[in-house]
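By letter and in written order, the chains are A, B and C; residue numbering begins at 1 in each of them.
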Amino acid sequence: MSSPAPDTAVDATTRARDLLGVSRLTNSALTAWLHGLPGVDQVGCDGRAAALGTRSIKNESKKWAIDLAISMIDLTTLEGADTPGKVRGLCAKALTPDVSDLATPRTAAVCVYGDMVATAREALGTDSGVKIAAVATAFPSGRASMDVKLADTREAVDAGADEIDMVIDRGAFLMGDYLTVFHQIADIKRACGDARLKVIMETGELVTYDNVRRASWLSMLAGGDFIKTSTGKVSPAATLPVTVIMLEAVRDWLTLTGEMIGVKPAGGIRTSKDAIKFLVAVHEVAGEEWLDNQWFRFGASSLLNDLLLQRQRMRIGAYSGADYITDDAPSLY
Amino acid sequence: MSRVEVKKTYKLYIGGAFPRSESGRSYEVSDAKGRFLANAAKGSRKDARDAVVAARKAQPGWGRATAYNRGQVLYRVAEVMESRKGQFVEEVRAAEGLTPTRATAAVDAAIDRWVWYAGWSDKYAQVLGGLNPVAGPYFNISAPDATGVVAALAPQESSLLGLVSVLAPIVVSGNTAVVLSSKDRPIPAITLAEALATSDVPGGVINLITGDPAEAAPWLATHRDVNAIDLTGVAGTDLAWGDLERAAADNLKRVRRPALDGLSAIEEDWSVTPTLGRIESFLETKTVWHPKGR
Amino acid sequence: MSTFEYAPAPESRAVVNLQPSYGLFINGEFVEGTGSSFKTISPATEEVLAEISEASPADVDLAVKAARTAYTRVWSRMSGADRGKYLYRIARILQERAREFAVLETLDNGKPIKESRDVDVPIAAAHFFYHAGWADKLEYAALGPNPRPHGVVGQVIPWNFPMLMLAWKIAPALATGNTVVLKPAETTPLTALLFAEVCQQADLPPGVVNIVTGAGTTGQAIVDHPGVDKIAFTGSTGVGKAIARAIAGTPKKATLELGGKAANIIFDDAPIDQAVEGIINGIFFNQGHVCCAGSRLLVQESIAEEVEARLKRRLQTLRVGDPLDKNTDVGAINSGAQLARITELVAAGVAEGAERWDTGCPLPEKGFWFRPTVFTGVSQTHRIAQEEIFGPVVSMLTFRTPQEAVAKANNTPYGLSAGIWTEKGSRILWMADQLRAGVIWANTFNRFDPTSPFGGYKESGYGREGGRHGLSAYVVTGGPQ
């Protein structure tokens, strides 16, 4: 099930003024709105996440969850040392995760730096079903001028990226300059054209759960299609409590606006057990509609192989090993 | 023909591992009758420095652990000590020249004392802390807080019971410790370190350095990253506790003086049941206010 | 699967070694009772689990005598340090046999395995650990000069947290040097009987702990026995009052932990998602069979609609079913009798004009079940706002100001607990000052810890359990009394 596509004819600022009920979108209006959101009790939120983590997912449910998780992965390589060879290997893996069982689902996407998009496009073709997500906007720090960040975005889009993973200006956010953060997201969204925009909040740098809630709402207000936890370059990256807050945000946003926004935890999710906990959280906090790679992704690299190990175990009835999982470039994570 | 024993090498205990002294030195340890027992590592000031680094690193985690968790870990140490009782008795007997009966009594007392202190972890706050009825619409509470990294000189004579009596009260409240063992009777301390290493005690919470305390003690007394120093083990050495206390004043360390006879340091009677005093010596008190209003 | 269904995830029963029948645990041994017997069943399936002895007054007399002898000859002469060691052993064995206890508790009580495994058993073990450490430190506990035990303590515990209530009773009693005769509830005797095995494994001197199973008559025999110096009771307010009357004019002392009708107060600036979790934990945890349950939801009127909507949406994800399934959130009602009481009160709520809503979830065929239920439009004068339902039923009322919230919260003969949800610290502390309740949870609910005293004001009973304060009921101090 998907919601009506956001009305791109109405720009983000106009819609924001509407939602906030103000005649001018100022920083103080944004601040009042964001700071008026309910607070998050950290201990309570951690408790809910821990409770969701006690769900015991077995047998048929586990198989289903593993396949779903695989299909939700944005298979990622974002290293300075990336070469076309590395990216080609990544794409091959995304298309055929387990050469010993061709029924294994493909991943949702590959995620690469903008200057690797062309290589990825060549390797994946145009109808593989695997999308190309490019990080842009001076990823991972975001510390560059808007001109540079827009150029970064446009080049990736022109090279064929289906999705753009941008970073917000955390410095501006932490200084309370929400208006700047808003405009940056809205401008990048325009530069995306038809590409879907994921907004990386870098929750590890935002630190408090109240900030995660506010950044989530700000990102949705400004036109993001997805809210994403992390660049994966900062620890802590994606945690279950932070993802729960984001799932609450998209759930409440749907109630408020009728619009669905996707959620992507990225970084630090390494095991199938972890991934399944996240799926349980999606299921019980946001709802079934989000159990679809159109609306939920895992930003991960080594997670895929752990999912494949578990999948093999369930298929062959014995524990498998790393020798039975292909690895084109052993992950550094 | 009797079996040839595998002789043991005795090393330091720092950061959860057992390194040799960085100085590469060792010294001879004899039993109470002067017979050679072993070569023990001769700890240097650099070993003490490394131990402080390890203790500081471990302190936030240990200090933030729940009282229940600390109590569980410390009780586990007692379990492991009990399981090694034979070894401890043998070593205390040799070190202190005690009869088997007395050595056993000393080891029993050491284990029981450890258990006594473990049981305080989730209680001292209830006894030492409390609500203050201030004259205004404020919630006001005083709570004990660990002071941080504590350096301690273990007693020279009582090689296990005395050591336990100094060490356990330091760590039960969340402090981490750098302990200089008895110079002449270090072997039970090393066995204790082995018990610690196998009992879920996080690395760095307790660090043990064998050797001549006269070498490292002054450096610990002046060390600006050490929050408190326990001078108990000065008794029976050539160190002057006044000098160490003076040195410690540089960063106003909390100082626990040795037991005194007049102005001379003496070894305590470890058979006496302790009070809360040793726990209190290494605690700060934090008082928090908050208004009460609609 | 087109949707995320959770496959059955049953915890295995194999870890439990159920016997067809059980005797009484007196003087360190299992002995045949001289009374009749009754059956204990699984409330989830109605299957018979075992036959249990109903201890007669003669049996109770034997148990009290055994406790007295053990007290005089062994336990009162033992050092606190040694008493502590026995308690440490018991705590350790509980941890070692944790899975066995959790499964048995779930079978006998009907609560989800998730709860017995993650809450009941670990906290019970922790109680023994905590109290073990007090045994040789009583002079520090500010109880008074020369703290010493009463002698023989009679303890009667309820069916809602059988193992945990046993720990709350036995641990402080033994730590302070008393010996014990304990009666578990008639619908949940099994973990107490397993605990008797733990006492044997710990080599606890015979007679220090005695377990006598039975129902009302057995409990009465304990309360009335002249050889019992002190009573500790957790259960209904009605029985608590009867006990208070029975011991009046005698040397016996009692502590009572009785019912409640706690107000869970939600302000408009509450962290709303966590507050909803707090409501769930407050009244649906343990099927609402909790004396301190947040059964009265007091919501600030300005956000009442929103809270109701969020609560109902969240309740849809609660899984009601087989308590042994690891994904079950709400288990079985403990007995047919309790189910009847809940049903009657809920019907009364409807009759008095409140609006009833439940999750509509499917329920198993056999066993005793009640769907999580929410009443809205409830007034203070409704029965469902005054009487303890002791089931998964929450009554929602509104308030306008902190003052009004306090007045409504306090407007009850009960006073066990209360909850406050707001981001404002001063308000939490001001409310806590005003609320007449023994346990106040701010931005959390139903949290228990051995170090934290628990007990009520007014008709919720008197005396505290846990913490330093919980020791005082078990000692006499000062000169001869």
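In this text, contacts are C-beta pairs under 8 Å (C-beta built on N, C-alpha and C of every residue); 3 or more make two chains touch, one makes a residue touch a chain.
Note that the coordinates shown come from a computational prediction; the quantities given were computed from them, not determined experimentally.
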Centre-most chain [mean C-alpha coordinates]: C
Centroid-based (C-alpha) most distant chain relative to chain B: A
For chain B and chain C, what's the span in angstrom between their mean Cα positions? 41
List the centre-to-centre spacing of chain A and chain B in whole Å, with centres computed as mean CA coordinates. 50
Give, as an integer number of Å, the spacing between the C-alpha centres of chain C and chain A. 44
Residues of chain C defined as touching chain A within the complex: 1, 3-9, 114, 118, 269-274, 277-278, 317, 326-327, 423, 443-444
Sort out for me which residues of chain A touch chain C in the complex. 38-41, 43-45, 47-48, 54-62, 64-65, 68, 248, 279-280, 283-284, 288, 291
Counting only contacts in the complex, chain C reaches chain B at residues 81, 84-85, 88, 126, 129-130, 132-134, 136-137, 140-142, 401-403, 425-427, 429-430, 432-433, 450-451, 467-468
For the complex, give me every residue of chain B touching chain C. 67-68, 71-72, 75, 112, 115-116, 118-123, 126-127, 137, 139, 276, 290-294
